[in-house]
C-alpha cells in the first residue's frame, strides 16, 4: 500500500489538529496513524500523520504545495512530506565487527526493512565476504590521519553517486569530521556501545567493568559534531554480574547493540523520529 | 488544573478526528492529549482526548449534550465524558497480604494517586491496623460458603453508600460472584500473581516452580465472570533461577504484583483504559 | 586453554564438595569454576566444576575412571565428564524462517560459539542459499504425513554419519516423533515462540494477540515426547501494545526468539545445563 | 534455623575450596550455600559459605578462632564470620520523600526483612507520623552548614547508643562528611536516583530529561568519600518516552529506586555482598 507521511513542527497553538485533520478529510485521506506531542517546556507542537495515497484526492506531486498553501503557512509550520515508495537508500559503514552488520543484512534479506542498501563502506577488508554474499557492493577505503580528509571526500562522492538518503555506522570505528556530518544532518545513525551519557568515548565496556556497574547498555543516536552527544533514538540494557569479564561484557553488549541499532533504523525508515534540539520525539 | 476527558468508540470511518478536533477548536478547547487507535481486525475506532476546562466555551454540564448533538450522533459514536474533579472514589478489598495494600496507600499518602479511598473491606482482621493508621474506615466482613451471598449484598450496600466508583482487589483471596461483578462492569481491577494466561487459578507461584519457568509475572485485569480471563490492563515479569524456592518466587513476585497493580490503578484513574471485547486499549 | 568439565548429581549428603574439591586439589587441578545446587524438595545435589587440563596430574583418558573409583562410587554419584576440545558438533533443523538461522550462523562466523556445524537439514529449499554462503552442507528432506517415518530415519542416519552431538530446531516447523527424540534425550533444543506454558502449540503470536497480552515471549527448551512441555532452558519477553498487529507481534517476537535460542545453545555448549525431571539447573 | 555465614577473601591459589569444605565437613557442617569467585585481573579469590549451626561440632563462640588456626592463617585469608541471630540493626536516614521509607517499613512489617530498626533519623519532620505509626523512634535533627559537624556527632552518638550495625540513606538529602563515613566503612547504603555513573550529583532526573535519554535508572551503592562513586550494589532501569515530563521521570524513577534499595538491603542483611576496591561481588 502506497502511503504519505506528514511530519510537522510548529509553535503550540489551538486548532492545529483540527486544521490538519480537516485537510486530510477534505481530500478524502484515509488516516492510518496520527500522533501528536507538545513539549510544554519550550511550547512546541509536533505531529505525524500517515494516510493512504490511493484514494487521496490530491496528486502525489501536489500534496506538499497544497498543504503549504492551505495549512502550513497559516500556522507557521515546518513540515516534511514523505512517501513510502520508492524505498529510502541506506549506506552502511563498518570496520571489523560483524554482529550489527549481520543483524541488519539478515533483516534486509527477510524483507523486514523497507530499504535499499546500495553500498557498504569499510576501512577494513574483513567483512567484504559477508557483504558480497548479500550481493551488495563493498567499498574498501582505509583511513589514517594523513588521508582522512580525502577519504571523506571520496565517501561523500560515493554516497551522492549512489543517491544515499541516510547512513548507518554499524560499529564503524572512525570518528567522522564535522564537515562530513554537516552534509547529513540527522541522517547519520551511530550505535554507541554504552548506556549514554555514561561511558562516552573509547572502550566503554572496559570502563563499565572498571566501575563495577550491574547493567550495561547500548545507545543509537544521530551523529552530531560533539562525540556521542547527539539526539538519542533508542537505548537498551542487559544485566551483568561480578563474574563477567570485560570480554563477557563485550559479548553480552553486542546482543544489545544489534537490537537497538536495528530498532533505530526501523524508526528512521518509518519516519517515526522527529529530532529537535538535542532530543527526539519517537511515535512508535 | 480542571480538565475534561473524552473517550470515544465507533465504527472506523473517515473524518472522525477532524470532527472531534473541530468541535474542540470551535469551543476554544486547549487540547492536552489526543490519542487514537484503529483495530483493523474488527474495523473499530477508539479515541481519547483531554483539554482544559477553564477556557472552554461550553459549561461543564452542557458538554456531553452538545457533543452528543454536534458530533456523536452523526457518527454513531459511543462516548464517555469524565472530569478530573471530583476525584474518583476507590474501594480496596484485601485479605491477609500487605504488600499491595501498603504500595497503594503509600502512593495515596504521598499524593501520587488522584483518588479518594472511602473504605477498605476485608475478610480478615490482619490488616486493620495498617488501614486505620492511614485513617481509612476498615470493614471486616468474613466470608465462607454459607454466607457468601449475604456478604456480597452487604459489600454492595457499603459500596453504594460510600459512592464508590471502582474496586481494587489488592490480593483479596475470594472469588466474586457473577452477580457482584455485573454491578461493576470493567470497574473491578484484580491483580493475578502470574503472567496470564499461564497459571490461571490458585497457587500460581507453586505451579511456576513445578514447571521450571525462568521468568515469573503478574497481571492486572478487569474482573469478568470467567476466572482470570478478563481484559488485561498491565503485566510485568521478573527473572528467577533454579535456586529460587517457591517462597522466593512468592517474594520476588510480590514486587512485581504491587508495581503492576499500581500502574493499572493509575491508568484507570486517568481514564487511559478503553476496554472492549476482551481487550484493552491503553493510551499511556 | 584445554579444560575439563565435571557434572555431578547425587543424593544430598555431607561432604560432597569436600570430596570433589579434595580430588581436584590432590591432582593439582586449577579450578576455573565451581557451582553447586541443592534441590531441597527432592533432596538432590547438583554440581559443576571446571579446571585446566594442562597442569592436571591425571591423563585426560584416565580422569573419568579415577574419579569413578576415588569419589563417585563412594557417594553413589551420576557424573558426566566433558572436555572443551574437540568442539561439540551441532545440527540445525530449519524450515522457511531465517532469523534464528542467521543469528546462529553469524555467531558461528564470528567465533562466538565453540561449535562445529557439520550440516543443516530443512524440509524447504528457501534457506539453502543462506546456509551454503556459510559453506555448510544443506540437506533438503521434505516431509509430509506419508513419508515422515522414512524421512526421520534418513535424518537420523545423516546425524550419525556426521557424528552430531546435539540438534537445534531453529524454527523447524515439524513435530519430531517420540522415536526420533528417544535417540537424543536432552540433546534436542527447540525454540517455542511463546512464553511457555502460555500458548502451547501452533500460532502462539495470534493466540497472544487474541488474548490481549501486554508482553510476549519466547522459550528455549529440550524437546520431550510431550509437545512444548520439555525442560525450559531460557525465556525472555518483550512488551507489546494495543496498536501492535499479529504481524508486529511476529516481528517483535523474532528478536526475542533469536536471542533466547542463542543463549540456550551457548549454555548447552558450555555444559552449564543440568536437566533433571522436567527442570534445568543452569550455572551461568 | 540458626546458621553461620563465612565470607573469605585471599590471594587466588590451589586448594582453597578443598580446605574450607574439608573444615566444614570435618566438623559436620551441613552446607546450605557455597559460592566462590576469582577476579582474574587482580588474582583474588572470594568465597561465601553458609551452614547450619545446630549440628555443627564447634561451639558458636569457638568457630572463628578454630577456623583462623586450622585454615585461615595457612592460606593468608581475610575472613568474616556472621550469624543470622541476633538480627542486624539498621538505622534509616530520611528527609521528605516517603516512597523508599514506606517500601522498607512495609517489608519490615510483613517480616520480609530479617532486621531490627531501632531508629529513624531525619532532617525534616514530614515523615515523623509514618515512622511512629510503625512504632519506631524518630529523631529530628535539622542540618545546615553551620551545625553539620555537631549534628553528625549527635547522629554518631545515637547510632552507637542504639548499637546500629549499618545505615540506609532512604533518599536522605544531605551529603555525609568523610569523617562520618569513616566510622561506617561499607556500612552506609545510599540510593542514587540515576543509572550511575550517568548523572552524578543533584537533580539527575532533570539532567536525564535534558539529555533526552530513553531509559532512566537507580543505583544502590556503599557510600565512600567521593560523591556517588562508591561500590555499586544494585541497579535497575525503567523506560521513558518523549511525552514524559521531568515530574513523570521522578515518579517512574521512584518505583525503581524503592525496589533497588530494598534489594540492596536484603543482600546486605544476608551477607551476600563482598565489597573490594570499588566493586562488589554479590552471591545472589
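Quick notes on this one:
The chains carry the letters A, B, C and D, assigned in the order they are written, with residues numbered from 1 in each.
By our rule, a contact is a pair of C-beta atoms (placed from the backbone, for glycine too) under 8 Å apart; a residue touches a chain by one contact, two chains touch by 3 or more.
Chain identities (UniProt): A, B, C, D = Formyltetrahydrofolate deformylase.
Everything quoted here is computed from the prediction, not taken from an experiment.
Of the two chain pairs examined here, A-D and B-D, the one linked by more C-beta pairs in contact is A-D. With centres set at the average Cα position, the gap from chain B to chain D is 36 Å.
Inter-chain spacing, taken between the CA centroids of chain A and chain D, is 42 Å. Touching of two or more other chains is recorded for no residue of chain D.
Viewed as a network of touching protein chains, the structure reduces to a complete graph with every chain in contact with every other. Taken in their complex, chain B has these residues touching chain A: 14-15, 17-18, 21-22, 24-25, 28-32, 34-36, 38. Within the complex, the chain A residues that touch chain D are 37, 39-40, 195-199, 211-215, 217, 231-237, 241-243, 245, 278-282.
The part of chain D that touches chain B in the complex is made up of residues 97-99, 102-103, 106, 109-110, 112, 130, 133, 251, 255, 259, 262.
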